[in-house]
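Working notes, structure below.
To keep things simple, chains are lettered A, B, C and D as they appear, and every chain counts its residues starting from 1.
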């Protein structure tokens, strides 16, 4: 799960990491008032779940409350497009108004999991994408693997601090900041905790100028405060709907063949196969272990609600999932809604015979496939046929 | 370091472990007032750094404030003798007045370090010494080794809980209590954390009826709150003085030959040797690594202040400690104070020649020994001689 | 012959009294697996699926001599279940549970590093040595006894592969899923080492997918150490970067972890590649013919 | 011959710029030890006692090829120093520091368990292979090259033993203190294994003391595995139970850990016992004569 910059900064602050003074606002009036309170020049930073905001026009400077209000009215309600957003951009509903900081140096500090171990990385080349630095100037990255049974130790901090060539007066605050970031990463079940840039200010302080925190979805059950920070407006509407309908693993793609598959690997393989057969998948959808027919019906709701979908392929190899439950779900979906596109069905595995019987007796019109290749061929050609007949 | 029961219970309570309502008092009037506030029958528990208080008359019941005041006036200011105190007993300066609890069951729960690992032990045979249980009914003890990199896990708790045959409604509170005790042990650098008895009350609660917490002296530098709980009145006066004078490793014993040795192993061996030679050591004293002469002078102050000491043996094998510094210290001590007993000196190791020269030039009267056996023989016979001459 | 589990394996099921646990324990027993004990805290002293249930793993092991544990415990409690099994000295633990937090698995990973317990999974379909022992949710009736080892990150794709093999008369020595999470116990390399040593295995099929570098490590091992022929399929050629494809571990980040990179690594190691998931059977057939 | 350190050992000193660190580094260099680097955070780029000082251990190792680290860091920071040395891959760490909190050493102990670093100490006098390498605070001039190994929990009692041996013309292969704390790195058993394998060692003298069960474990090892003659002294026969005799580990609790028990265990294992600390030389002399 992702959160906004202002939310991330609040969390950093909770763990003792200094951030610039700032306020989050949702109207031009609030922007003016916040600017007045902060005094002096401010940065207005559009809050969207994507990087590259500077180049995309999502970060702007203002010298006065009036200027801030004007910029805010330009940004708010707009969709911001950057190289990291979907083509249609992401909606700007809030702006972080922040005291302008002119850094003396821009550093990078981040924590991820690599090789089953938390790794803290630091670089003197802050302000740019760490993958860029890793690709072109790997010697500029210093990293420490932190055995979780030890936790973050003073020697880890020293390795990073000397690697960053920090001045001695910054050693103690840097050690505290790093320790705080590690604790935040661990205690809040982050999958990524990144401060970029981490500024060294002209008056010799460390300040988290921008921050990105991602969280382990599997741990949200115990991170209720974090889970409450979710902003569905920043997510794909169909993906949000899928979640609400109990379909945890749905990813919207650019093609036109809707897929319903059980198991992530088989779902990926099904997408691969569609492409090999000359088609393009409209989505990744792992329906998971279905214990009731409702989720199957919801999958049909989702796919028929996607105007791009021109055909549907159901590919099930029952293990934990049972074929009879899937078949019943297909029958129920056909009763409940109009399915305006061809449906190709390939079923194998647990309770197969019962599933086939249910489908056959229902009279629901589906195209049966005998195996994987057959299924891919049939679903691709079904589009050509339906187009031909249209 | 040891602390009082009431201090231990405060710490337990800080870590979420339930303890009986109670107040600590220092006068009979306070005892009466506390009893009034608590209402009903109370237990008055003399606060001394030793177990066995029940049999020693240090735990008494009172039904009324008047009765409580009477008992308090009997206990306060007295020295309590139990099988765990020195022969002269320990002073009772405070009493814990506590609501009387009649337990349905008495359990034991404790944490120690064994084989470099925190170990939590539990037993259904609470209320008695755990060493007794271990010796006679080892099957009544269930223990878990807690890998510190894991910390206390739910499965550890279950192993203890099923081992204690706790009723299901107590499983959750027991898990929390055990987790709290483990955290207390770790976060406060305990060397022992013991709840004995841990009561199961008639109304189905767990309650720490008595508690003992010991702390790692080496960690007190980072446990300032714990260090502040020290009660010197409960310690040997000479040992307290030694600490104040920078002599960390001094233990008062029953003999009459005062020892000043560098190194714990050599100090023990010196005691052994004195006994083999027919004498009895008055103390264990490891003077440690001496960097200034003051600590040597203090050692003489300490030993001449002990009326039992009839002779002094200085045994130094310089390594980290330097013989010349020791020699200078002996000379200074002889100048500063009257040393009314014979002093036998055996010196070896770093800067030996310089040390010998200093002693020789000073004219201080000491008995020189050539090696260990010689030193032991000479110090033992020096007493016989001084007695003979007295 | 087979690896890791066989007809002598004595299976404990942690979470046997849950719905999935009970259902699949029944299927395992029906398949012929020697399930000797169940474990669910608070249910000690009862029986489930005809086997005695214990409150703790250590008790179950002591009373029944269980030497493998199969875990169906819900995600919030699953790491604790793995730790308990390892603490009790169980040498092989198979964890089916999906959705365990990464932090919990980091803890488990470091704890197991110094111990003798092998872990399969989590988020895996389990393991089957056809005709001998089935632990987990792999459909037993698609399997067939034989001499090909199959190892996969995915569950359903493993069934698909087994099915294609069995339909062509190619039996399996042992099949198992290592799990779809970013942190799992046994790796492809661990599996390949076992198959290389197993006298009952002639060839191995590996089913990889996008994300991580487990396939590249497998390719390195195959190139330097394997004498037996290996074929592979890698799922996710069409997956867009930066999006998680169901499995927590199936996400392409940076240049690493693409299906193309993994296929290239396998090819360079002399591994026969199934370009399409529909060709798994054909490719393995070819592999066995050309030996 | 010798164990653990010899004339080729390349020594790093952590805490070289402290008073004790500097003083004893000088003595080690004077003895002929190859001290190649020092390490003190913030002092990187300077020199101390004629050797370059680095900010981190990893840098010191990379630049100088140090393969042993000697630690004189104050107690509150000493565990971190040990961890850093192990993290940097140093195979042998000798920690002189006294007074490290037990909790810190519990962490160190579990961290080292899965790693290749051997730790001597803490709260120990270090190690000396006479004529080759001295690491720590053992007075070099009382030692003499030879063929008896000496290992001790205590420092000064180790010097005493070495002195008694040297005065009788009995030289030493390697002498070291394992440390007086309840949690230390190498044990008596580790030391005995090394001496047993060392072709330059003919006999071993063990100096035990009250507290713990290290001596009993040593006795078991000697009985079942040692071919070379062993003699021992155990300090603390006169120590009262429940009182800590200086060393954090030297405390008799319960029935275990008394000198009497330890002497009995050694005797039962065929170890020659020095009843008095003044008889160490005589006993070893007898041991060598009766071979």
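List of remarks:
Operating definition for what follows: contacts are C-beta pairs under 8 Å (C-beta built on N, C-alpha and C of every residue); 3 or more make two chains touch, one makes a residue touch a chain.
Owing to the predicted nature of the structure, the values given are computational and were not obtained by experimental measurement.
The chains that touch both chain A and chain C are B, D. Between C-D and B-D, more contacting C-beta pairs join the chains of B-D. If each chain is reduced to the centroid of its CA atoms, chain A and chain D end up 55 Å from each other. Spacing of chain C relative to chain D, judged by their CA centroids, is 47 angstrom. Note on chain placement: the centre of chain B and the centre of chain D lie 28 Å apart, centres being C-alpha means. For chain D, residues that reach two or more other chains under the stated contact definition are 107, 110-111. Within chain B, residues 147-150 each touch two or more of the remaining chains.
Shown here, the protein chains touch in all possible pairs. Contact residues of chain A toward chain B in the complex are 147-150.
Across the complex, chain B meets chain C through its residues 147, 149-150, 153-155, 158-159, 162, 168, 171.
Residue ranges of chain C in contact with chain D, taken from their complex: 113-114.
Residue ranges on chain C touching chain B, taken from their complex, read 41-42, 44, 55-59, 77, 80-81, 83-84, 87, 107, 110-111. Residues 113, 116-118, 131, 134-135, 147-149, 186, 189, 191, 216-219, 221-222, 249, 251, 253, 261-276, 281, 284, 286, 289, 291, 317-320, 348-350, 371-373, 376 of chain B are the ones that touch chain D when the two sit in their complex.
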